[in-house]
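Look for subunit A in each of the two complexes below; its partner is subunit B in the first and subunit C in the second.
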Partner chain A sequence: MHELLLFASVPAHQHHELLQQLAGLTAMQPRHRLERRLIFKAYRKPGLMNTRVGASQDLQGLELQRLNKMLNGGMFYTQVVGPVAETDFGAKPSSSGDAHVSISGLEDQSSPPYSYEDQPWKLEFRDIPEAGTRSAVTARLMASATLPKGDITSPMNAWGYSFITEYVVEGDVFVLNDIVIFLHRVLLYPTGAQESHGPRRQLPAYRELSPLERTGSYVLQAAITVQDGGNQEMMRTASQHLFGLREQLKSAVRLEQADRLSLDTRAK
Partner chain B sequence: MSDSFSLPLRPLTEKRDHPDTLPIEIAQINARWGSFRDINEETLRAKIEEEKNRDSWSDEDETDKPAEDVDTTEQREQLYKRRAEILQFAMQAHMEALFALDFVSLLLSKHTPRQAETSMSSFLKQVAPLGSLNAEIVNPPPKSDAAVQDVKTVSRGWRVQNFNAAANKLLNSATRLEGEVASETKYWDEVLSVKEKGWKVCRLPRERQALGVQYGFLEATPIFRDRGLAALRRGENGSLRLDKGLAPQKTRTVRVRVKHRGQLTGCSKLPESPPDTVSVERTILQARDTVYEEELFHELMREARIMGSQGVTTRQNLVRLPISQEQEILLDLVDADAPADDAETESTEHDVLADGLSHSIRILLAYAHRQNLRRRTQPPPALSNKRRHTPEYQLLRPVMAYLQHSAHVRWLESFLKDIYGVLRAAGLQCEFQAAPFSSVSLPRMHPAVPKVEALVQQFLMPFESTFSGNLVTPQSSFRVKIRTNPVTPPFGSLYDISVDLPHHAHVQPPSRVGLQSDAAAALTHVFKLDIVSAIAAHGSKSAPEGTKKEGETGLTWEAAYPHHGELLALSATGRSKKLKVTLSRDELTAETYSMRGIDGHGQAAGTKPPSHSQTWKSEQTDSQPSLMDFVAEVSREQS
Partner chain C sequence: MSSLNQDQIKTLEQSRQRLIQLTHSLASLITSLNQSDPLPSWTSLQSQATIISNNLLTISDHLSDNRDLLANVVAYPDASYPSRVPTNNVALEQVLRTKLDPRVEDWVARGRRAGSSDSAALGHGQGLSEQALSDLWHWAPVEANQEARRRNWGGNFTLEEREMGIEKVVTGLTRVLDDDDDDDEDQSDSEEGEGEADEMEIVGVRRRSGAGAGLEFDIAAANNTPGAGTKVVAPVVPLEEILRFMTTGAVPGQR
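Right, the complex of A and B next:
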């Protein structure tokens, strides 16, 4: 699958107004979305690379060649995305003592505690945007897959990915025909005492998160996914749709192509 | 209007301070008519006559009158002549203008030769050198006082006249503006009142300077969604007018009729015709209703086409929905103000049903709209060549499923009532319970789904009704489930019969029965089997008591051919007896035949008349011996 994107920067003071404009344009109420995003980096497992064995290369089967290519090809960072609710933040873990719960129960009795074991995950792979495209949109290869619930580090490790860092994305989603409009910003966890080597099992209070961009500005992302990236006509239609949106939003924000290298996901 | 306007626009016409003195007037009269001495009566009369006969246009009329009589050729000639004249005049004017231009150019050529040269004619350039004409200001000779006075008076007159004209124009336009303002105010007041009622007022996308009101449904099919916008135009006097473009102005509505045995027995209520005072609000509402109704019918048609396999037929403006053998539903789109054809409707028996149906299809369309919104706001699938097919809304299918289901339930209930009536008449104690629409349970709602949607969702799921009851012998029971699936195949209603017969543990009716007659046959058979085993059980139980009491050897019945309802009894004397039980919806019959030999099937039972026979019917009132009494009696007689 391919993804076509346009981006715009939205200052914090324009956020509320733009939300209303988008709600009017798409004729729908915004869907609030909160996501944990974990960054994993692929690494080469030792002992899996010595497939090149002298002159026998010519004799390698097609399957083996493909495997070789996969193993020795480019290494990428990938994201693991898990939806969370605002009540999950700052919630006490379910395993805490009874006395503790009764004290804290005053403030937040109704919300169930955040359970890391039940956290659903989704793997999102994004390639570096295509270079040298004439069209004024960012196009890149993408793929998504559902992952098992709960602790994700061990399966990811087994697949050759190591945990790097994590952050939270907060925003609102609109849908306009085929275009998904995501007005979001990145929130960072408080730089606390323990820098863990894995995903957090509990989430800090929501107000403790700080935006990555100090001014609190948002990013507007308009995206269309295309099933077959080789189909030029479909790609053109998708870009046309995006350009149409750009024209419609011209008086509010300036949607434009992103810098290709800033979206580079290759691991060096 | 101009009188009431208070702006002092008109010039002040001051009265002459001193009117003309008499000597001046006398002098004027003398100058015009001659001396007073010449006046006598005749000349005055002649003058008056002359004045009367001649009006100001008489000269021209005299020349024009014969022109009307001339024929066409002359007319044409005259036309040409006039045209030539006009041309001549124009040429002359042109020439004079050129001369003037030459003159001014020559005059200017002294001071600005370059510029003046461009506007000089070539002839003038040849004959007169540049700058050969000069102009100087000379002092005009002083005018006489009288001439100065004249000029002053004339120019004053002109000025007054011009002021008057300007004032008139201003006052006229003020009047016009005032009217305009009034009608604009009225228009905007009405627009505002429309907006305050909650309608969405916006600019028209195609016509940016016009206002429109959106009354349609955002989630409707695109063609109907786009029709939900109409322009708000200003009428002559500023009243608001709804301009729907080419869409028909008539109010249309979907009508539901019920046909029972070929006769129309019910018709849904049409919306009452609007009152005479047509307000804009009213018009908008009417337009909205019409759009909704037309969409409803469009969707009904679309759905009806995929339901051809279930016997639904469509005409240009009609959908026919068969419900049962004798009932069908007709749906059509009619004008709301069309006169109701009372002649066709035979009775109003099913009016309530038709009304209920018309309400439910509308509710279902609203539900489909909500589903559309839900689908639209979900992240879309990746773009591909395959076009997303919008599924047909579920409008007719749930209605049809409900009606069919309730028809089946009612039939089964009446069938069981009949059977149980017969059994009770025969003195057999048993009962059944009906739980129609047991699948519809309203408390079972998902909290995330809005109440309204959850409520409708219940009626889109398969309908299920259960009937259960005990049979004659203890511990035996039956259970019938009727399932009707509105959306996914298999369509139609299915009977799921399960029985628990301790005496015939292996007997199970077919699990899915589609036809009413098959279900009836299966149930009757089960009942018959049970009665047979009840008689057998009863016999074996009562026989020892009978020997004690009366010293007789009562017969013991054995269920020889239970599936045919036949029992055999063998007495000590070797004579055997056969009891045959037949059960139908209307009656239960028990017949006994006396036989020789052990096996009952060796002789044809039909050839010999039964020795005893008894029939029970559900509606009979006179007391008869019960089935068990009858059996006990025939057992005793044997000995």
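Right, the complex of A and C next:
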């Protein structure tokens, strides 16, 4: 699948107004969305690499090159995304084993505890945006897959991905025809205390999260997903639709192609 | 039956030319409607319509100018006409027709009916007379203005909505709009603790001059923004850095 994107930076003071404008434009209420996003990075498994290609071994060299490429090429950052609710933040962890025992427990009435074991995850792979496309939209290859619930680090490790960091994305989604509009910002966990060797098992209170962008500005992302990226006609229609949206929102925000290298997911 | 003189032939030839022009412009309009997808822009449609109506005008002028001649001219086949060839016969039959083609007759009847109903409406008081029209134009602006003054243009709800009960009014957003005029009800449950001022802000947006992505905003109603002094602050971290963080976790400022 391919994804066509336009981005815009939205200052904090404009956020509320833009929400209303988008609600009017799309004739729908904003769908609030909170996501945990974990970033994983592919790493080289020791022992699988460093097959050096000698200059003399021409024939074998070719095969080795291919092997090398298979093993070392395609090292990417990937994201693991899990939806959360605001009530999950600051909730007491369900003391995992005792969950069944304390069914009669009175504390459970207040708010259902956040259970890391039941956290659903989705793997989202994004390629680096295509280079040298003539149309002024960001286009990239994408794929998503549902992952098992619960602790995700060990399966990811088994596939050769190591945990890098995690953050929370907070925002509102609108849908306009085939365009998905996501007005969002990045929230960071409070630093200190539990430092990152893996995803957090419990979430801090929502208030304690701080926006990555200190002024609280938002990012507006308009995306169209195209099933068959090889279909030039389809891709062109999709970018035409995005341009249409850009025209419509011209007086409010300036939607633009993102800097390609800022979306570079290749792991060096 | 005398034969035609030069002038008369010229007149006939002219009518032929103009009819050809008309059919051409009609045909081009039809093809452009049929073939271009999406439909041609309205400007081109309009210019084509103008051309056609001009054609019609010249034809109608021409026909009425030469009415005497054209009403009296009759066609008849010359002895030298090669009527043995069947294709020629078709043309001959067309030319010798004294009645209109049935299809054409339908069109004409339809046109006549439309025209007569229009003129009937004008004549018999269905439409407005000149006098009534100008009276209407004089009356309307004053009345509209008075109607407008009667309304209170601030606030979130209209009088009708307020009378029906503002709880049921569907507004654009889920946040609770508080009604300025009756403070006694509906104030308590403003969710998320957002005590926002509801006046609309008039925001002018312009491209920031010079380098850098982003926009600059002029807020007319300066201190209506919610809560603790949210000022007009341009984002500190550029969009690129945010996206980079979102994809690779590289903290902005240190790469």
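Methods note: the second predicted complex is superposed on the first by the 231 of 268 C-alpha atoms of A that agree within 3 Å, B and C clash if a C-alpha of one lies under 4 Å from a C-alpha of the other, contacts with A are read in each partner's own complex, and residues count from 1 in each chain.
Criterion: contacts are C-beta pairs under 8 Å (C-beta built on N, C-alpha and C of every residue); 3 or more make two chains touch, one makes a residue touch a chain.
All of these numbers come straight from a predicted model, not from anything done at the bench.
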Is this a clash or a fit when subunit B and subunit C both end up on subunit A? clash
Where does A:164 make contact in the superposed view: on subunit B (first), on subunit C (second), on both, or on neither? second
Among the partners subunit B and subunit C, which is in contact with a greater number of residues of subunit A? C
One more residue to check, A:262. First (subunit B), second (subunit C), both or neither? second
Which of subunit B and subunit C A:180 touches, first, second, both or neither: first
Could you look at A:25 and tell me whether it touches subunit B, subunit C, both or neither (first, second, both, neither)? neither
Based on the superposed arrangement, let me know which partner A:81 touches: subunit B (first), subunit C (second), both, or neither? neither
In the complex, go through subunit B and note every residue touching subunit A. 218, 373, 376-385
Spell out the residues on subunit C that touch subunit A in their complex, using ranges where they run on. 172-174, 196, 201, 203, 205, 207, 213-215, 217, 219, 225-226, 230-249, 252
Report the residues of subunit A in contact with subunit C in the complex, numbered from low to high. 7-9, 11-14, 16-17, 19-20, 23-24, 29-30, 37, 39, 41, 77, 79, 126, 164-165, 167, 169, 186, 212-217, 219, 251-254, 256, 258-259, 262-265
Using the touch definition from the top, list the residues of subunit A that touch subunit B in their complex. 1, 27-28, 31, 173, 175, 177-178, 180, 224-228, 231, 234, 237-238
